[in-house]
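Each chain carries a letter (A, B, C and D) given by its place in the written order, and its residues are counted from 1.
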Amino acid sequence: MEAYFFGQRKAVPSGFAEWLAPEVSAAVSIDMHRGHLDDSPECPCPAPRAREIIEPINEFHRECRRLGVPVIHVKTVLRATGVDDTGGYPSAWRLTFPVTVGPIPNAARHGLEGTRWTELMTEVKPGDEIVDGKKRLSIFYPTDLDFLLRNMRRRTVVLTGGFTDCCVLNAAFDAANRDYRVLVCRDLVRGFSTDMEDAALRIVSLHLGLVVDSADLLGAWAGQRPTSR
Amino acid sequence: MEAYFFGQRKAVPSGFAEWLAPEVSAAVSIDMHRGHLDDSPECPCPAPRAREIIEPINEFHRECRRLGVPVIHVKTVLRATGVDDTGGYPSAWRLTFPVTVGPIPNAARHGLEGTRWTELMTEVKPGDEIVDGKKRLSIFYPTDLDFLLRNMRRRTVVLTGGFTDCCVLNAAFDAANRDYRVLVCRDLVRGFSTDMEDAALRIVSLHLGLVVDSADLLGAWAGQRPTSR
Amino acid sequence: MEAYFFGQRKAVPSGFAEWLAPEVSAAVSIDMHRGHLDDSPECPCPAPRAREIIEPINEFHRECRRLGVPVIHVKTVLRATGVDDTGGYPSAWRLTFPVTVGPIPNAARHGLEGTRWTELMTEVKPGDEIVDGKKRLSIFYPTDLDFLLRNMRRRTVVLTGGFTDCCVLNAAFDAANRDYRVLVCRDLVRGFSTDMEDAALRIVSLHLGLVVDSADLLGAWAGQRPTSR
Amino acid sequence: MEAYFFGQRKAVPSGFAEWLAPEVSAAVSIDMHRGHLDDSPECPCPAPRAREIIEPINEFHRECRRLGVPVIHVKTVLRATGVDDTGGYPSAWRLTFPVTVGPIPNAARHGLEGTRWTELMTEVKPGDEIVDGKKRLSIFYPTDLDFLLRNMRRRTVVLTGGFTDCCVLNAAFDAANRDYRVLVCRDLVRGFSTDMEDAALRIVSLHLGLVVDSADLLGAWAGQRPTSR
């Protein structure tokens, strides 16, 4: 098994057994919903680079399910009254992001319960689990993901989705702090730009966990556990 | 008041009043202890680039105290038995970091209670507060920092210390997720390398808060509030 | 204003202003759903004593809304797969409670998403907020109630619902620990038995907050703030 | 093995194996410090009924250590500036408790770092662990106890100390909510009065875990695992 350490592909050294054990792993997909991925001017928080990974994530999830690795979809849902964000303490990104990228016309609708902006655009299958309480950038606070992972007896999280340099990186920090073993599939995450993606993955590889290609991980898992075929 | 947005110095637009209000702000200095800063081969987790900001942080803290902005020092302290880390779930960085930087001979001693590696190398003055329960990268989990900030009625945190691309960036994520307003003083943080520092500050400025020069912030604070002189 | 201290009605002394301020208060109703209240043998976690407070809580909520005090309904919802409880770590009450009360035939259905056992039996009106991530006894962990209360700028919680000696008491502990000011309306909570209700309210009054009659509280609130009539 | 269910001694039914497994258990002693136990008028938060369990808890801990069950001492320590409590949001008990018991002259000194009121009066031995960040009634929030228990791979907590009807009961709620298995040794806890102790233990036995005699538990443990003698 090889991984990317500060941008360089190298063999994963010994000591990472818990990172590569499918029986304690969960695939965690972050915010692959219409509010980021819709290709229209109304999209309230556009992450256009992530549109190209919808189908690759679907394919990865199919293999996960086949190998018995549970799939968890985390998505932003804000109460319809707006109290969780624009009507409470507005998220920092609402003020900072437009300074660099310009105004985001429909941002106020981002994640609002009851709108189409909370629809997952990746496949959800029976047996998958949903965490739909993401309110800010973290997938852990103030959600019940930690509670769920404990109840599932999962020790390792495999992160996919978006933004590499925002919610994915945040998830890697949060999971590592809670002593989950972290992998990020570099082919299944997208961020603000290729530069920022590369920087975020370097940060992950230095301090937080393994940056891998999903095909390599699937191969490692399959080598360890007979498939159900 | 100007700040750095994706590396570019620009005027801070309206809407950031809570970010710049000294009466709800706290200066939070991260892990400026001997375990990162000692200039000897025994240093268990070397952050040599941060040695040059010890005195600049001291100077910043003096101005903070003069302006009535409380100073909080956060530092890593692990139980002497090792149960918090090497004897429990070893921190991910213990495995990942050496793959890129090579072996760290004394890493097992990092942060151990009762050793000199937990001594702060920045000045601590009466009225400062200490958070000494940092166990991983986060300054919030599993510490009482959030509890402390609430009791101090602080809404805004000004981050200094190290690593820019690790614990400081993690702190910016955690604070933003808890709806604290975040500033990072770019002259008072150091990271793995200038490239990683620059990338981390870009990430902060896009998604999390304001990247500022400490002198600009002190000027903005002083303009808003008469000093005690 | 009077309250009940260790079972005795006495004047509330000075120092409790924050407890009695409607502008920072929220009414928090706990688990008034069909899974506790349904009058049928299939009821998965019967709390028959609480049936009689459905309409009194509705009346209290009407007055709250009229006075501008927001209403929050907290309810148990467990993922349909069962992973949150019977399929993960089964809740302790599933083992302990039947030793005293005998078998609970339909307990495995308690709180399951998509069943009628999660339907609120108290009125929900526009502007009310829902917290539907209660998984165990606490209304705070692992839910987003603390996040919600912060965003609503609420400092004081007025607790109603059930069980007085279980989830309500737990809520009083949790809220007090997080420095929310706690009131429990003794006429709007019900528990295991009158003895246990009385004991739980004594515990609240000794250590956690004010035990009041809802009419007294509404009177105190109305005296402080002109109604919208 | 027998336990007390709603005050009645009965055989523990099947299903409680994880509760009685010494290899995943930790003994957690709550606030057995001079600030509660000192027999002088300056005692800042008197719990006189708990003085008689100092030596019995010591004896229990000796047996725990002999059987390989780790001992964790949790105690209140508030920052010396007072910011954690009287100088921040004063704890609710400071206002409510005196209404029933009368003024507590030295209460402002309770738990202050650097005073003798934080000294443990039970024995601490090498290998024991200390959690000294208790700030309110909970032993979990805002402390690192959950982090510690995870790193120790403990699933079951055996609670002793004081107050039965306050911090011990709160600990039982918190631990149960986090899916730790809870036991309370009825001979090793003391509360406000015998009535309140009895009520709190009934609440534990209904909803939260096992109420046991420590001798019975030690016997059950010893029967399961050869001692090191």
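Operating definition for what follows: a contact is a pair of C-beta atoms (placed from the backbone, for glycine too) under 8 Å apart; a residue touches a chain by one contact, two chains touch by 3 or more.
These numbers come from a predicted model, not from an experiment.
Q: With residue numbering as the guide, point to the option in C-D, A-D or B-C that repeats A-B in over half of the contact pairs.
A: C-D
Q: Could you compare the number of C-beta pairs in contact for B-D with that for C-D and name the larger?
A: By the number of C-beta pairs in contact, the winner is C-D.
Q: Using mean CA coordinates as chain centres, what's the gap between chain A and chain D in Å?
A: 39
Q: Counting in whole Å, what is the centre-to-centre distance of chain B and chain D, each centre being its mean C-alpha position?
A: It comes to 35 Å between the two C-alpha centres.
Q: Rounded to the nearest whole Å, what is the centre-to-centre distance of chain C and chain D, using the mean of the C-alpha atoms as each centre?
A: 26
Q: Taking each residue of chain D in turn, which ones touch at least two of the other chains?
A: Touching at least two other chains: 88-89, 141, 150-151, 179.
Q: Residues of chain A touching chain D in their complex?
A: Contacts found on chain A: 150-151, 179.
Q: Quick check on the complex: what are the chain C residues that touch chain D?
A: Per the stated touch rule, the residues are 5-6, 10, 13, 15-16, 88-89, 91-93, 95-97, 99-100, 136-138, 141, 163, 165-166, 169-170, 173-174, 176-179, 181-182, 192, 195-196, 199-200, 202-203, 205-210.
Q: So in the complex, which bits of chain D are touching chain B?
A: Checking each residue of chain D against chain B gives 79, 81, 83-85, 87-89, 127, 129-130, 133, 135, 141-144, 146-148, 150-153.
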